[in-house]
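Labels run A, B, C, D, E and F following the written order; every chain starts at residue 1.
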Amino acid sequence: MLLAKSTWPEIEAYLQRSKTVVVPIGSNEQHGPTGLLGTDWMCPEIIAHEAQKQHDDLLVAPTFNIGMAQHHLEFAGTIFLRPTTFIAAIGDWCRSLGAHGFERIYFLNGHGGNVATIEAAFSELYAEASFAGRRRGFACKLKNWWDLAGVDALARQQFPVGHGSHATPSEIAVTQWAYPDAIKTANYAPQIAPTGPVREALDFRARYADGRMGSDPGLATPEKGGELVALAVQGLVADVAAFAAEPTP
Amino acid sequence: MLLAKSTWPEIEAYLQRSKTVVVPIGSNEQHGPTGLLGTDWMCPEIIAHEAQKQHDDLLVAPTFNIGMAQHHLEFAGTIFLRPTTFIAAIGDWCRSLGAHGFERIYFLNGHGGNVATIEAAFSELYAEASFAGRRRGFACKLKNWWDLAGVDALARQQFPVGHGSHATPSEIAVTQWAYPDAIKTANYAPQIAPTGPVREALDFRARYADGRMGSDPGLATPEKGGELVALAVQGLVADVAAFAAEPTP
Amino acid sequence: MLLAKSTWPEIEAYLQRSKTVVVPIGSNEQHGPTGLLGTDWMCPEIIAHEAQKQHDDLLVAPTFNIGMAQHHLEFAGTIFLRPTTFIAAIGDWCRSLGAHGFERIYFLNGHGGNVATIEAAFSELYAEASFAGRRRGFACKLKNWWDLAGVDALARQQFPVGHGSHATPSEIAVTQWAYPDAIKTANYAPQIAPTGPVREALDFRARYADGRMGSDPGLATPEKGGELVALAVQGLVADVAAFAAEPTP
Amino acid sequence: MLLAKSTWPEIEAYLQRSKTVVVPIGSNEQHGPTGLLGTDWMCPEIIAHEAQKQHDDLLVAPTFNIGMAQHHLEFAGTIFLRPTTFIAAIGDWCRSLGAHGFERIYFLNGHGGNVATIEAAFSELYAEASFAGRRRGFACKLKNWWDLAGVDALARQQFPVGHGSHATPSEIAVTQWAYPDAIKTANYAPQIAPTGPVREALDFRARYADGRMGSDPGLATPEKGGELVALAVQGLVADVAAFAAEPTP
Amino acid sequence: MLLAKSTWPEIEAYLQRSKTVVVPIGSNEQHGPTGLLGTDWMCPEIIAHEAQKQHDDLLVAPTFNIGMAQHHLEFAGTIFLRPTTFIAAIGDWCRSLGAHGFERIYFLNGHGGNVATIEAAFSELYAEASFAGRRRGFACKLKNWWDLAGVDALARQQFPVGHGSHATPSEIAVTQWAYPDAIKTANYAPQIAPTGPVREALDFRARYADGRMGSDPGLATPEKGGELVALAVQGLVADVAAFAAEPTP
Amino acid sequence: MLLAKSTWPEIEAYLQRSKTVVVPIGSNEQHGPTGLLGTDWMCPEIIAHEAQKQHDDLLVAPTFNIGMAQHHLEFAGTIFLRPTTFIAAIGDWCRSLGAHGFERIYFLNGHGGNVATIEAAFSELYAEASFAGRRRGFACKLKNWWDLAGVDALARQQFPVGHGSHATPSEIAVTQWAYPDAIKTANYAPQIAPTGPVREALDFRARYADGRMGSDPGLATPEKGGELVALAVQGLVADVAAFAAEPTP
């Protein structure tokens, strides 16, 4: 069930039977010479939308499509929110959802660079309640799609070398499966990109000439993407169910 | 051309021939008993995506899907950003796009409640440059899709009575045309909703029992939506071209 | 009745019979070669003070004299608040007035560039209540003095050509009526200033060499200003009364 | 010379001969049973306006009329800015004035409760430059009107008992001299109000039943106010001249 | 009793018998050619720790060691918080302590440059309660260690000339007494440093070549430091007791 | 070398030979029935201070002693900064250190709950440079003391059961080694505390009755603490050296 394609009475009815909502969250940032700029928000969206097709009582919110990607700014097309802006925006999303009675807000994340700030945003929300000496009313959970049960293992098996950490063949495969018309090719070298730390955008560009980090995205195929999506859907449904069932002390 | 489905080298190449980008922006908020929660971000997205299909050199950014909708919070499913959060987020989008060399950032808007804050966000961005005594480097423009040439006149002709200002048959028609599988029906009364001012969410709910303002959304049909989209696409292409061509003094 | 020239027991007594207060709000910014820098806050102050002389039960707060005028910064004497600062300040004014029991806060505005940010400020205030699931306790209203009943029509009749949108003969006439000792003259050309968009301050100065937009301020006379004030006073009293009488659902 | 009653070319010309501007700053807050709510912004305005009448090359900006008066909020009519809002607003005033080339910004203050926050605002402005490793370009100075040469001594001589620290006979005398039509009387007891610390508004009201602190405002007369103003004008002119003459290392 | 060396049950027990806590607060900033960078946070820490050794029921929080020292940034080793950051941090400290039931939060300060911002921070905290129409629940007090009973008089007697206002022999003597292994010597000239105003860091460095203001720190001795500490401890204990005993109206 | 016990000329001289500084950072929060409230800032301080005793060219800044510990607020003595406050404060520390020419800022962390926000703070600092299209000038690194080479392995070997994740025997052992006079004992049950998620403070208290998470702190001994410190010192020196030697591309 897609929240955006529902009416308010439908969401009101849904809240009678479930208090859980899934928010796909990612980033719009360069993904090397062949990866789509939207890769990181498309992957969780693809998985979550697929999951709700199969499981009618999984409610999926609109996709939070811009995240913390300051280091990619020297590559055209990257759009990002500063951590403090990101914290404010996640906060308002959660305050809104909490106002309707959602008690479990599950963020399915597609960008490693988001993790720290999303966790900080949760703490900011909890701190508001802690200072007020009251219950927050909702719990937040962050899960990267590649951390869903079995997914990373499958990716490592599919891509034993050249997986890397940015513009990975696994994430690109997922977008290839979903958007076969948008498969891109390019020559790049070295075959496997370098690795290293992440700092400001000029530093990043100096380290990673075409934007990849440790990856060989040319290994991606739509078929492998489909396998990853199928496994991730299973993992998501199970993980959301466990989160929904978690008791509040 | 969709930015999110492009690679960074493709955007870099695009910037050689154009400095203009279109950002669909809207809101995710209740739209009465039959309107989709996503109506206000779907409409500009639908129109912009349709336009870029027909006009390859129109670049469309990802959709900014959450806006200023505090007054709708008493209806389930509404998600909003406070004005100060919204200003910060629009600011970071524009700073990002400006960093790549975009000189014209065109927001195609789908929510009347966004207008004031988006304009304030532009001023915040300009003020940053004004205090620094430097050029901003980019110009921003806001256009509501119903203000594109001829669109409002067509809507008034299609819906001479019961158009109203929220959950209007015209916006619902646009979503019906794009998502015929998500057409909803419901009984509601009175046929035409009341009108009045907009204040905090509890006040709004007390005034507008089912969320509509002045409208009779049952008048919407996918065909009328298609007519509106076709006209809006023409208007958008012309308006963006004029903006792109505007000289900088 | 002027709030600043009252004691707190007098305001406490006033609140027994009325919950409404008028706040003149404007800007301190360049107004072309002959207009006073204070024009935009003086006009609503002049009108509101005149109104309270004639109608003892109209309570007028101190004038909010600095607004959103970033685009005028390249002209000496302009002072402005960034939108986020302006929102914070309007917020604190309203929170203060609301704490005393004022339920209707009416801003009589003298600067077009303020409109978006003032409306955003209202939304910020309402959003605070909406997130908390409570009533705000007060309603805000913004009215430009030239939008009071009949005023703009009179100005258009007085100045059929050369009215323009900044440093207009109508606003300058109002200040001439109130401050005849501060009437300024200057040579300027062209007779009617150019028009165009508003962006950062350097862009503005490049477009509008002497600060005027579309206007010929030399048409102003104190007499015309007096006519405008007289009509505006009537309009203000009626509009405030209607706002005060508006029921809360 | 009043900035608000000048045109931008007049200010531009002024800047050729002086880089100094005086900003009257105060507060709009309860001043006991007989004091005007505007007392604290009227006093510096009265003194500064009187000074510029006598000394044509003293430039006086519009009055900053709302300050930090949170503790008075339980008394009707008080309007205040939180310290962080106040800092932001003072910052934007100074950034604006600095942009025009003012190098000395002199705040003539009328409210003791403003002092800490105004000084913090100056530090915020300086810190911006310090972090950037550049010169600020302007210096700020804060002076309470009663700290101008001889003024406090005169007040202590005029009111050897019952001067106190809030709703003092000296500040009320100044407003009586300027606005003789707004002189208020009331019975109050005890004759001299209690003294003590300043905390949140409910605490303040519990300590100071009618709003006075240590004062007997009934001692005020317009004549004494006139004496204070005359002396303050002299002190202001001399102090501003010294500030303007101070060399920059 | 040191809070940081206590367990939470010990603090819970302490709160049964006292609601008061002392927070040493200072700054880490240059202190001339011989003064320690930590001088301003060490002094209140030394005094407070000494006091709690002698008086078991004085509870001392961890030291707040970074303050408002923007003007010292051109000297290596200075670390500072902008006023708005400082206000936020003091706010969170006090909200935390207040949440546990502390009703008197006493800041023993070691840096003159902190005073305005700390006072502004208190007002920000009180304002939060004032806007909400509720009691704050705790009172804050700021005391400079040199303003404790008798301390400044002793310092003036110890150092009749060359005391000055920054890198003073008294504060350096206190650190010499506590950390005799860290006594530094250097040649400097002039013997007594110049005095003047405090502005941005580049201005400060241009005025005060070696960082001192009006002082001759070579006059410091550990013995004099010991005398100052002994007197300050007495003054602190008495002042905290008076604050703790102060009734709430 | 301790920054706080140095003079500014000493730090200026240090910067001629090294551009690296270590900042111990932690939290002041409950650590179960026997752990010190200061445990999390004491541990990195103990290790860093020990390291600089042995290695003279390791420069250690003052300890950042308050972190993100909102979840512990229901236990007396906890003091925390909200993530946004924490980000602002870390930012000002780093901007200050960067202004002096430090190019490597190494945070030795003692609190798991700090990690996300500290990383977000680094991103906020980098983003500032990325938006400005310039180099940041310094790199930041976060290292938890238990992640230094070999430390966690030793702790797991010392405490094969009952180590847990909060109020762990390893961190308590470190404080026991450093502060043997402050060793606390208490009865607690169960022997090993429960584990689970971290949310707002009331939720935390309901889950973890005495504040421990998964740990049996009674296993700590000063000797084991000494072993941990010795190993951590080695690890720290090596890790800082590697960071200092890292080339900038």
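Definition applied: contacts are C-beta pairs under 8 Å (C-beta built on N, C-alpha and C of every residue); 3 or more make two chains touch, one makes a residue touch a chain.
Since the model is a prediction, treat every value here as computed from it, not as a measurement.
When the partners of chain B are compared with those of chain C, the chains appearing in both lists are A, D. Annotation of chain C and chain E: jointly contacted by A, D, touch as defined at the top. Think of it this way: of B-F, D-E or C-E, only one pair shares over half of the B-C contact pairs by residue number, and it is D-E. Among the remaining chains, the Cα-based centre furthest from that of chain E is the centre of B. Greatest Cα centroid separation from chain C: this falls to F.
Once the centre of each chain is set as its mean CA position, chain B and chain D turn out to be 47 Å apart. Per-chain CA centroids place chain C at a distance of 24 Å from chain D. Our note on geometry: chain B versus chain E, Cα centroid distance of 54 Å, whole angstroms.
Among all residues of chain E, those that touch two or more other chains are 73, 80, 82, 84, 96, 99, 130-131, 133. Remark: the chains found to touch one another pair up as A-B, A-C, A-E, A-F, B-C, B-D, B-F, C-D, C-E, D-E, D-F, E-F. Residues of chain A touching chain F in their complex: 68, 70-71, 73-74, 80, 82-84, 87, 113, 115-117, 119-121, 123-124, 126-127, 129-131, 133-136, 139, 197, 199-203, 206-207, 246, 248-249. In the complex of the two chains, the chain A residues touching chain C come out as 95-96, 99. The part of chain A that touches chain E in the complex is made up of residues 130-131, 133. Only residues 2-12, 14-15, 28, 30-38, 41-42, 61-66, 73, 75-82, 84-85, 88-89, 91-93, 96-97, 99-101, 179, 182, 184, 186, 211 of chain D touch chain C when the two sit together in their complex.
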